[in-house]
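A, B and C label the chains in the order they appear, each numbered from 1.
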């Protein structure tokens, strides 16, 4: 049983990070009834922008670059944690603008557009950052390992888990305790009503997309030291995110979090027994759950059912 | 916007002018391709993907069921063909049958599960199943060769009674694939224009009403899914012969998504011939643009996005708009041109 | 026994009881009405009767056969047809195809690929005959999406008629229609009643009182009153509620 512990922790860490991605995803879906297949791409962009901030690869040969790289890694990392998601958020808003011609038409078009966007972003990443696997340099403080009870634990995973918990709590606070958050939540329930109350729906959508994208980008920065950083990582992550939303139900905060933890744990545990098959356990979980409750665990009926 | 559901003015014949045009093009291709600086193998690729895309569009365009995991059945067909050659017998018809059966059974099983769902849940499940098949192909090393693929698939000769034709030459294989394609074209055309096809479209337009006027909607959805998988399996067997190998990559989300893009760009949502245009456009883009820049897929993706935003009726729809004024409706109308939303 | 009987239907969604011990019966050849305020459970009742929902308790019997629990397409094929309040048409295609799809003769064709459906004069004539009943024959080849609201309402009924039903359920058929269109619709119903047994949910009290032979009033998920229009005019519940205004108009 004790052998399972590292895998459980891995699974939990993964689950918490998945929760961040899934939250951004479900907010977008909730307020807009659009399935954002490019969500994984925003995740990837967050990570790649962070890479540039930390490693300064674009401008390393300039004087500015030299100064930049002389800054302590810890500082650069913190900046990356802020800048990466911010830029991802901007990309998200750009995507929302592209989606506008598809509003009012069949949901299929939005789906197709985001699918195309995912492809385009992946190709762009290849073009700008190269096709190989990259590494995000981590400050000493959160890197390495430590001993506890005779077992070795990865420091970074603890950091990632803790950070995710804080981030999830922050999102919850934002949605529940701020007026902006209230509008977003209301919009997720009934965007027509929000408009009737005088809010600019177009601006709301833009902001929600930006916010959701930033969350994905944040998850990207934190997750890639574990998950790996390569151009395909966007597509790799959108499927779990997607699965989580469907399992947990579209539009549900806690559904997303709980489902994310479930999926993360499933991957972690199967990683203990049959590592090669752990990612496939997600799909089996999806099929099993959709087989019993076609709206996921906590989902509500939405226009997505056509 | 015109749609697949536009009413045909004249009774739909078995063979139509666009079919003849396609047949002529196929016939001329082996000479045409080199003349415009392309190569023989491309013709085979295009033929295979048109076959795949036509079957796929019955599901995607006509029935409105959005499958993002259909590459799996193409792959299953390819593997089944190859495994048959390796483990049972080197036989063309045996291999084709194995491919079609394997893909058909897989499609029937998945379709049975899927067909009760709708909308985004349907789409997501298709991705899920597609990924599972892809995983199996990657992991079952002893059977499929895993990432390295199933290699050394022969091209068995075509035997019809006393006649035997070798298919080892690309040109010969192309003609064989072209004949199969024309058979699939005629079959799909008849289906699309039969009551079965009209009901599929009714289900797309309003599944609830289709149910309330008495149709067993589940059965139709299941049938069209299985059929599209069968056709994909056939295309897959040709692919195995063409490449002389089978790889997991066709089952990936990436490739499954490619056929979706091809079909939309071509105009599969509004026209029977959309997939044909879409496939040709994709491969020409790949080879012509690809010759100019490494990032041609980026440009194709941008074109795709632009089409979705601005011209979802695709190439076929745009062509139709250029060539006609408005789609006439009354039967016996003088503007004979109208048969063709195709 | 009546043609269509509803016995002690009980239906809840989650914790909300929407229909409580509903019993109704519809005689062949009659026009029956169901009325009641919004949220009373009328539409849910229709959904249960036509198979969209399965009742938690009770049963629905059509012509002696139990139909509750059967899927809607089976019930439809048995001769129970319905129209929808929020219209459900096939909007990508033409008016006549909307009707043709519902014709039993078409439904049995399936794969019959040899027949070019749209040049089959037998089918076309049948469809045109149905359209003629609702006055849309002249617009048979127009796009369904291009019709006016009133014409779409008529098409909505036509599709239900095309299935050659023995009982016809109309869900708020005059919804959104102006006075003139409603009047024409009333004439339509009078013509139809000669051939079909009709059950209507309606908000328009005058319309219902003019056409129906029997009316059931549903409120709070229960049948609170039942009878001929004349009887209902005297009913205390009907008097008491805001319905009273309209009935004495």
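General observations
Simple rule for what comes next: contacts are C-beta pairs under 8 Å (C-beta built on N, C-alpha and C of every residue); 3 or more make two chains touch, one makes a residue touch a chain.
The shown structure was predicted, so the numbers you read here are calculated from the model rather than taken from an experiment.
With chains as nodes and touching pairs as edges, the resulting graph is an open line.
The most distant chain from subunit A is C, comparing centres defined as mean Cα coordinates. Per-chain Cα centroids separate subunit A from subunit C by 48 Å.
Rounded to whole angstrom units, the spacing between the C-alpha centres of subunit B and subunit C is 42. Distance between chain centres (mean CA atoms), subunit A to subunit B: 34 Å.
Contacts from subunit A toward subunit B in the complex involve residues 35, 98, 101-102, 105, 107-109, 111-113, 115-117, 119-120, 123-124, 126-127, 235, 239, 242-243, 246, 276-277, 279-280, 283-284, 286-287, 290-291, 294, 304-306.
Residues 64, 66, 68, 113, 116-121, 123-125, 127-129, 131-132, 135, 139, 207, 253-254, 257, 260-261, 264, 295, 297-298, 301-302, 304-305, 308-310, 312 of subunit B touch subunit A in their complex.
Put simply, subunit B touches subunit C in their complex at residues 3-8, 10-12, 190-191, 193-196, 198-199, 201-202, 204-206, 208-217, 329-331. Listing the residues of subunit C that touch subunit B in their complex gives 50, 71-73, 76-77, 81-82, 84, 88-94, 97, 101-102, 104, 106-107, 109-113, 115-119, 141-143, 159, 162-163.
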